[in-house]
Amino acid sequence: MELGMIGLGRMGGNMAERLRQAGHTVVGYDHNPDVSDVSSLPELMERLKAPRAVWVMVPAGEATRATVDSLRDALEPGDVVVDGGNSHFKEDQEHAQLLAERGIGFVDAGVSGGVWGLKNGYALMVGGSGDNVTHLMPIFEALKPEGDFGFVHAGEVGAGHFAKMVHNGIEYGMMQAYAEGWELLEASDLVKNVPETFRSWREGTVIRSWLLDLADLALDADPDLAKLKGYAQDSGEGRWTVQTAVDLGVPLPVITAALYARFVSQQEDSPAMKMVAALRNQFGGHAVET
Amino acid sequence: MELGMIGLGRMGGNMAERLRQAGHTVVGYDHNPDVSDVSSLPELMERLKAPRAVWVMVPAGEATRATVDSLRDALEPGDVVVDGGNSHFKEDQEHAQLLAERGIGFVDAGVSGGVWGLKNGYALMVGGSGDNVTHLMPIFEALKPEGDFGFVHAGEVGAGHFAKMVHNGIEYGMMQAYAEGWELLEASDLVKNVPETFRSWREGTVIRSWLLDLADLALDADPDLAKLKGYAQDSGEGRWTVQTAVDLGVPLPVITAALYARFVSQQEDSPAMKMVAALRNQFGGHAVET
Amino acid sequence: MELGMIGLGRMGGNMAERLRQAGHTVVGYDHNPDVSDVSSLPELMERLKAPRAVWVMVPAGEATRATVDSLRDALEPGDVVVDGGNSHFKEDQEHAQLLAERGIGFVDAGVSGGVWGLKNGYALMVGGSGDNVTHLMPIFEALKPEGDFGFVHAGEVGAGHFAKMVHNGIEYGMMQAYAEGWELLEASDLVKNVPETFRSWREGTVIRSWLLDLADLALDADPDLAKLKGYAQDSGEGRWTVQTAVDLGVPLPVITAALYARFVSQQEDSPAMKMVAALRNQFGGHAVET
Amino acid sequence: MELGMIGLGRMGGNMAERLRQAGHTVVGYDHNPDVSDVSSLPELMERLKAPRAVWVMVPAGEATRATVDSLRDALEPGDVVVDGGNSHFKEDQEHAQLLAERGIGFVDAGVSGGVWGLKNGYALMVGGSGDNVTHLMPIFEALKPEGDFGFVHAGEVGAGHFAKMVHNGIEYGMMQAYAEGWELLEASDLVKNVPETFRSWREGTVIRSWLLDLADLALDADPDLAKLKGYAQDSGEGRWTVQTAVDLGVPLPVITAALYARFVSQQEDSPAMKMVAALRNQFGGHAVET
């Protein structure tokens, strides 16, 4: 089928490529004229036959909101918009409402797969009405990995990004678990070959996983990770996972600890630990570093 | 080659079976005469040609120590003992010393794989001298999964169980990460089909893993886990991971949080929360449940 | 000076009493006619001379919003409203805006002190313009404890409740720290007299505090806290502290752990631990409780 | 009464001074001849009338063990040793056994108070037999703060240091709670005067405490703690608290989080976060800092 793709960056560009390989017609639009198939949103609309399907693959937040606003004006009743970015599930509900006022459908699609998705397929978690999701199934089928897994229609609008948010929260926890285990192995004199230990875990263990395969690749290239700084950004989903859980009264000790470890890694120095140092100095005359 | 196997429970019995399928000769000894091939340790020794290899697969702690003590008397110089149980790495070093005094070798082997190991193979993390490990490689080759992974000679005596201990620590963190994500999905009204969401994650996602496959199996059998109580035992390795990390000054926020979640699950009521309730009542006149 | 007090519950009633003891004129209004000085909001307005000061001491959220809406209609330009409840600092900013449209001033006041405030005074953290705060200083002076401490003008509108929110977050962490220490003492056979140990800490130690004094009172009345259930509610401020910190990228491991301990205490059973139990059963055939 | 004091550093020296001010006779022995009253242990023994009481105030671990060994040889049956250092409760039990073999008594005394103890008194938590503790009560009475609090006979040998260990664990949690609250206030634009906010909390609030008084002193001297590095050492007790709790199956989320925050503060860079960065780079092509 025909699809408009707005945003042809690393993710959007590869997804368009995978869709074309599957025989779909993708008309891409991007601010960067070198990769864009059309020069304007109106031109994109002209190139697509109604009812149009337009996949938005731009950064969450202001960029997505601006794109939704533009599509609200440019599209026609019966068209449908897919937000494949990392929007908050509450934004989805606002966007769906804005578009619904013009008779335009909305589906949110959480997309996992990163740079490996072009080859392996993209796991999709989608939210929206049954009609809209059914209409878009040929696109979802082409994007998803082969086999029984990798796609779920999780619920109404927002459910796709909610599921993807939780997926990312779990991802934070898993990555931190491997990272802690690696640090502990490195800290001990007993285990002589840490990269080989990680590699051995790739088969037969309880902890085998794709992330572990990636850890092996990383250690293969840099056995002590000496080239890296212990600094990890966090995306919105990790924060939203924690905030949503707190709203719902759900304890997330592991996922939150993983998020906080990233926060700490982002700090030049820890204000809290200055206070701890100050207090130790006050009551015990403990030496402080200045 | 020939191997004595002491302890023919769920793990030892299946491992003996897998070894026999690979063409090795296994003479098993167990307190349970229904499964034992011999009626006494001396008989086991007689049935094995020197230099003997004896794999100990009994509960860590007193049972393993008692077995090592018996083998110290029963074996001869040049024989070698493998401890495939879940001993602490410091116990390994004590056991190796006890046996070395009689000229008996020692190898510790952390074994992962659970009830699936018979079919899929057992991941092995071993510690000991190069000579002893090389001597036992035919056994390790038969037990491990096919392919490039699933075996590591991690270092000297203790390194195998150290690596397995860390493996289990990571396992705690990963399981808790999935568990928290599942609880959050269940707590929200937005995601209508939580089991299908978990199933979809099995391919194409960053969090795909064997544990996730098992979560899918569990949810397939009991979609809300309504038949289970939220109670999880902990084995020694989780505790040792945390205690070892504290000894080494290594922060393990995620693995520790996962361990503590199990501790809480084991309590009928939380003493700490009684105190919190008492304090709230004292300063605020907040209602307490009695 | 003259003050209208809306909400004469445990907090509002005691505060009115403390103000009267200091010589102020307080006209109270409450839904409960038994404690109310007037029968309606208009009557309250009539009883106060312009420019009026009205202190709102009702539950945060809908009740406070409704009261602000009513006061917006009932008050006159030049009057000032104090919200002494536990509103979110962002609500303060909305309320201030709503009232400012009618020329009515707004001050937010975080109030600590609980049932002890009538006698000891109420610690106050206030936010608002310098003019409004200065105008209300006689009231603040009467409410606050004697001495140099117990009052801060923390910043513009919202700063008072922000400071109180953080105060409560710290409170969560402190209470949990004492509670954990108490549980550990109780769990050991070594310390024979736990209540006496807590009592002894009230002087000369690094951890002496008012909360510790309260712990002593509680243990004095019920040495093992046997009459209490390990169940602790959480108020909004603990949740907001964590969510605000996540917004700002500030790691709060201790405060969050304390909040999550309350969440867990509120659960009949832990969904997450059901999943952990299910996974253990899948890979290891570990026994589960059903 | 008469007391030998071994170790005249910051703690031991001040304690000797406080005891002398109370009328006791203290003969001090230290490696540093400038502060020592005697030139050798035998001379110390000669100067004290039997039955002797000797207070050991040297670093925990090897120094304390060596001192106990020396006293075992130098003292006579009926004498009693007090270990006022920060020994582990299991070491106490070993030391008591070593001394008991010679008929020498042993009491462990956890001491809190730091540099303020000389003036305010030292809180004491002691373990040992009733006879030994009663015999030493004049010393304890002189050291402890005035009033009803500041001393507990917690149980048999080891109970004193156990109680002090838990005291320090609680201290870790409390300090981190204040530190996190301070960091959050600093991170927000809303609260303009963070030191004044902390100061205001010293009276009337739920979180008032001696540590809060110290925080005020620290902020008074350095309002943004700009002169300090966010680095905090940890002493043995924090680690032992966590390890003991893990042994007993007691969850300590807050105290452990506080300990781990110190571990992280001690690291130049976080190995774990290198692994997280490596994994993010592997699956998402996320930029890493090198």
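Brief remarks follow.
By written order: A, B, C and D. Residues from 1 in each chain.
Operating definition for what follows: contacts are C-beta pairs under 8 Å (C-beta built on N, C-alpha and C of every residue); 3 or more make two chains touch, one makes a residue touch a chain.
The model shown is predicted, which means the values in this text are computed figures rather than measured ones.
Ranking every chain by how far its Cα centroid lies from the centroid of chain D, the top place goes to A. When the C-beta contacts at A-C and at A-D are tallied, the pair with the greater total is A-D. Distance between chain centres (mean CA atoms), chain A to chain C: 37 Å.
Annotation: 33 Å between the Cα-based centres of chain A and chain B.
Centre to centre, using the average C-alpha position, chain A and chain D are separated by 47 Å. Looking at chain B, residues 114, 176, 178, 180, 183, 187, 206, 211, 249-253, 257, 260-261, 264, 272, 283 sit in touch with two or more other chains.
Contact residues of chain A toward chain D in the complex are 10, 114-116, 175-176, 178-180, 182-183, 186-187, 211, 214-215, 217-219, 222, 225, 227-233, 253, 257, 261-262, 264-265, 267, 269-290. Note for the complex: chain A touches chain C at residues 206, 234, 239, 242-243, 246-247, 249-253, 256-257, 259-261, 263-264, 266, 272, 283. Chain B meets chain A in the complex at residues 89, 112-114, 117, 120-125, 127, 144-145, 147-156, 158-159, 162-163, 166-174, 176-178, 180-181, 183-185, 187-188, 190-193, 196-197, 199-212, 241, 244-245, 248-255, 257-258, 260-261.
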